[in-house]
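Two complexes are shown next, each including subunit A; its partner changes from subunit B in the first to subunit C in the second.
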Partner chain A sequence: MIPGNKDTRDGILFSLPFLVIFALFMVYPLLFGLYISFFKWNILSTPQFCGMQNYIGLFHDQKFYTSLWHTVEFVLITTPVLLVMGFAMALAVTGKSPLRDLMETVFFLPYIFSMTVVATLWAWLMQKDFGIFNQVIVSLGGSRVSWLTNDKWAIWSVCIATFWWTAGFNMVLFTAGIKQIPKEVYESAQIDGANYWQCLNHITIPLVSHTTILCLILQVIASFNVFGQVYVMTGGGPAGSTRVLVQYIYENGFQYFKMGYSAAMSYILFIIVLLVSVLQYVLLGRKKEE
Partner chain B sequence: MKKSVSLLLVLALAMGLVFGQGTKEAAPAAQAGPVELTFWSLFTGGDGEFFDAMVDEFNKSQKEIVMKNDTVKFDNYYTKLTTALAAKKAPDVIVCHQANLLNYVPNGSLLPLDEYVSKTTLDDFQTAPLSACRFGGKLYSLPLDVHPIVMYYNKDILKQAGIDKIPASADEFVAACKTIKEKTGKWGLAIDNTTGTYKAYTLTRLFFSMMIQQGGSFLTADNKKANFNNAYGETALNWLKDMVNKYQVNPNELDYDAAMNMFKLGDAAFYFNGVWATGTLEKVDGLNFAASPLPAFYGTEGWAWCGSHTLAIPVQENQDPKKVAAAVKFIDWMTAHGEMWAKAGHIPTRKSVVEKDAFKALPYRADYAGAAKYAAAPPSMAAWDEIYGTSSDLLEAAVTKNQDAKTALANMEKVVNGIIAKY
Partner chain C sequence: MESNDVFRTKKKISWVLLRILEVFLILCWIFPLIWLVITSLKLEGEVVTKNFTFWPQHPTFANYTKAFTSTYILNWMWNSLVVSTVTMLLTVAVDAPIAYAFAKINFKGKNVLFWAVMAGMMVPFQVLIVPLYLQFNSYGMVNTLTAALLPRVAMPIGIFILKQFFEDIPSALEEAAFIDGANRFTIFHRIILPLGKASIMTVVILSFINAWNDFLWPLIVINDTVKYTITVGIANFQGTQGTQYSLIMAGAAIASLPQIVFFLIFRKQIIEGIAMSGIKG
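Then we have the complex of A and B:
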């Protein structure tokens, strides 16, 4: 609000276009989702109230547990790797290398492609019988790797594609964080005889910790919502061994039209992400203040 | 006062922005001139171009109706269709697989067609696919085609291996495939068994067919329980498993696209897929292949899983009788020109089409047109899509990991019964 202007009318008016659309397309669906999670509804039928039955059903559904586990697995693999990769890339592009501008472009470029493009590309590269990776391996005398068709490797293959695709985004955040550290801090450390690793350990890493927390929270939320790469690259296969929770929500809602069940599952995912984020914020935030 | 007026104005403007799109579309096109019809096509698997060509031909053939065709990606088609039907704003004509009709019939989303279609037209349809579109005595759609799973085989490989008789039973297939492997070093079979672009549906389709060939069925007659956890099921699953693991004549971890590619490149002798593959396979240079109905692996009748595309008319908020009449004409024309649709590989449903010289002149199609006689439609039930997808996952695991057939089927029975109980 403009100082001295006590008229709230302008404020409300200016935010109204956004608020109306926000309420209509975000708040209303959110509340409606909660409401419908207590019903049995296939979009075309009249919703039938079924109390907590959808939620109770969830806890007896083995596929729900396996899908949730695959999501957690994906979060546990991708989050640390993507943070370290993003940080390492940021170090490279803020360093003294003459190639740093080129590197910045190259590292960030994959991120601007849409998910479908990236996932399709990697699915072809990793195709077992005709993909270029296996063609190279075979021509070097190796045997074909079941990148996407073996239940042990498939999730890792999806993760590799994800690393290539999204690490650039973390790099941008870390680069901004590193550039904010005053040059004088490094200069005085160097005068005192600190080497590169000491500077890294005692200056850079502690001083970008704000960015690290931000990246961590964003990354965990993004990884919990993983769906596209998995759906395009493996279709949740082989034999459902990479089906993630959002995919199971999608299948129930939009392929089998069990809207209530699917909404109930979304709310469980929502609660999990909420808890994890709050936990991270509280734990890491408190450490900061000490 | 002034304040609240301007507030209201802004609100109205904002609402206009949000809903303006909708009101524009809802305006009825009641002016004179040709009736404009809309259609969403789900044909993206190589058959789309043939469908578009038919629609063009229809538009050229008369002046009263203009059909506007929009292609929707197959994966999203039913999502889009269901939401449009819920809003009663679906296109004037829709395509729906026979197996999916039951999702839309009970809640009155589709218009019963009995009073619009003449008896002579109905009599021209083959009985089985037409009666599959009837529910509670009412006709809800007309079948455009049937598309069973059939067998393709590479004539050059068979010749090279010295096989001059097409195997006619499960055991003969084992023998033939072993011979092919010994003499040519190529794969005997290319049955896809892992998830890629699609799930391992071919496994479910073959398993489903083999159950019926042995005199059993996938589900019980009332569709209430699984019916495959028995000797028939074990025989079928063991055959599918053994070809990969015991005899090693079918590649393991083979996905749909790779299986198709393998057959295209001449690396596999026998290939099983829906008739829709014909249009793609015949375009491959130097591939000397033939098509035949699915052989009787067991017994004497080659029952084969089949799907059917049907055309229906959705119930609209304001149903325009002129549009309904035009839509019926369109459906009649499309089914009556099935020989054009057969170019995509599908089998026509009208007797007059099968008699046409234009159809008989098409290569391959006539060879498997007889498959329509032993076409086994999947059960009509809302739960089928989930059963179909889940069974494909479980059969994939059983075949690729060589699980014990008894244990695998017992587990699959439990899962399928659980799915049915939830609908």
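Then we have the complex of A and C:
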């Protein structure tokens, strides 16, 4: 850009501090993890090379399949709901309501709380005997719901807490997307006699599709990595009915000390997330170009 | 004329109904937080009872006093404060220079490097937990706050945000400074950092909040109850205190105070920061 300066030297000097940390705590563990996934290792003993044994073992591990399924279930439930909720909130917040600022603040608020606070709070709201949800249900003449202790409901209960916690994040992304649509587009549509729903269907939804794709990809990645809510709210129970993959990775690594096995499992999860992201990107990207 | 009036009344009614719906939704959304506070002000006997009352009959701060005196909550808060502050400072210190290099310096291998760093955003953290643990174990650093915070500094999201901003700073300013004999470091220090203040603030806030909310990694790398960060401490509250809901809620309220203060002060920057990582992505 400017003749006679030391671009290469400067570029490297400015990049170096981050690159050192990046190499040490991202690149190295990523490769090291792959390496130990080919070993049997319980920290105390010396690692023993076992080839593909850990990966083969995974395919015979019933708990691995059920944990993977619970994760997929969580992804399938939360992704569409959170996208729709975020979009609906964004519509409310970008509308003409005098309450829009208040709504933006209130809908976003749960997101700033740490996941453990959210999870303990919802575990209390959903507590079977004394939680407010059941107190209200009972006072209305219903019978108590086993929100967190019934193997059919538990995953839904965790999802509900997650909706409350993170919908505001998607709202912010959608709000930014909607605000980028030029006002003139709406004005000319209104002159042509378009009503609210027509504007929504033919202007807002198509023009935020870029944001929708981004939200979708971020949401799927986030949902695949679910752990904390489940760990705090149900501990994976009842009887393993909500155990998710990250929890099983955690248990194998830090409760049974099967380091190699745990590493192998985390690589499988990595590959799944990567494939799903690439697939979404390719499919949705192509659809957009058409 | 009359049909016009009817139309207007209809419009007014639907306006009122919509506002009522909105107020209802706002109340629903905020209710769990209100319930957290209410529970924390009750005595446990009022909480665990079939004679349900909404408001506390004898409002009390006993649970807060108890949380401070009979748990390690102050230690946990302090640990989280240390971890979050250091993470934030380190993140900005290493992210800003490389973001500047990516935005403004044409050096060999820049594109390859940029994509390698961005690829780091795709790596889910749990892939790293086992190798990172073994790594810190071999350094003898398990159970230290340093181990709890370093891996987060390696996450490249801040670079991404800063680069977008630094790119918008006019190159003419830099060129003029070059002609006056300034070197890169002076330019970075005197031009880029002051002009990029808003984006740096965004990264500061987001990295602080993310570090404060970190859970999985501190849970793994820290074993001593005294050394827990607040998120891990709150998650284990149930275990150590039996299950005293009023006390747990008081703990949750104390733990959330810094975030609430942060949010009230920086509401705009926090929301804009998230929106920005979305738009330009």
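Operating definition for what follows: the second predicted complex is superposed on the first by the 284 of 290 C-alpha atoms of A that agree within 3 Å, B and C clash if a C-alpha of one lies under 4 Å from a C-alpha of the other, contacts with A are read in each partner's own complex, and residues count from 1 in each chain.
Note that a residue touches a chain if its C-beta (ideal position, glycine included) is under 8 Å from a C-beta of that chain, and two chains touch if they have at least 3 such contacts.
Predicted model, so just to flag it, every value in this text is computed and none were measured.
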- Name the contact category of A:169: first (subunit B only), second (subunit C only), both, or neither. second
- Task: Classify the contacts of A:211 with the two partner chains as first (subunit B alone), second (subunit C alone), both, or neither.
- Result: second
- Message: A:228 in the overlay: touching subunit B, subunit C, both, or neither? Say first, second, both or neither.
- Response: second
- In the superposed arrangement, does A:254 touch subunit B (first), subunit C (second), both or neither? both
- Message: If we overlay the two complexes on their shared chain A, which of subunit B and subunit C does A:26 touch? Say first, second, both or neither.
- Response: second
- Determine, under the contact definition given at the top, whether A:240 touches first (subunit B), second (subunit C), both, or neither. first
- Message: Per the contact definition in the header, classify A:17: touching subunit B only (first), subunit C only (second), both, or neither.
- Response: both
- Does the superposition put A:130 against subunit B (first), subunit C (second), both, or neither? both
- Item | Partner contacting more residues of subunit A (subunit B vs subunit C) | C
- Message: Going by the contact rule set out at the top, does A:263 touch subunit B (first), subunit C (second), both, or neither?
- Response: second
- subunit C-contacting residues of subunit A that also contact subunit B: 12-13, 17, 21, 24, 43, 127, 129-130, 254
- Message: Using the touch definition from the top, list the residues of subunit A that touch subunit C in their complex.
- Response: 1-2, 5-8, 10-15, 17-19, 21-22, 24-30, 32-33, 36, 43, 92, 97-99, 102-110, 112-117, 119-122, 124-125, 127, 129-130, 132, 135, 139, 164, 169, 172-173, 175-177, 180, 211, 214-215, 221, 224-225, 227-228, 231-232, 246, 249-250, 253-254, 259, 262-263, 266-267, 269-270, 273-274, 277
- Counting only contacts in the complex, subunit B reaches subunit A at residues 3, 6-7, 10-11, 14-15, 17-18, 78-79, 82-83, 85-86, 103-104, 107, 109, 194-200, 251, 253-255, 257-258, 261-262, 382, 385-386, 389, 393-394, 396-397, 400-401, 422
- subunit C residues touching subunit A - in the complex, by the definition given at the top: 18-19, 22-23, 25-26, 29-30, 32-33, 35-36, 39, 47-49, 52, 90, 93-95, 97-98, 100-102, 104-108, 110, 113, 117, 120, 122-135, 137, 150-151, 153-156, 159, 171, 174-175, 178, 184, 188, 209, 212-213, 215-216, 220, 230-232, 234-235, 237-238, 245, 248-249, 252, 255-256, 259-260, 262-263, 267, 270-271, 274-276, 278-279, 281
- Message: Considering only the defined contacts, which subunit A positions touch subunit B in the complex?
- Response: 9, 12-13, 16-17, 20-21, 24, 42-45, 57, 123, 127-130, 146, 148-150, 234-240, 251, 254-258
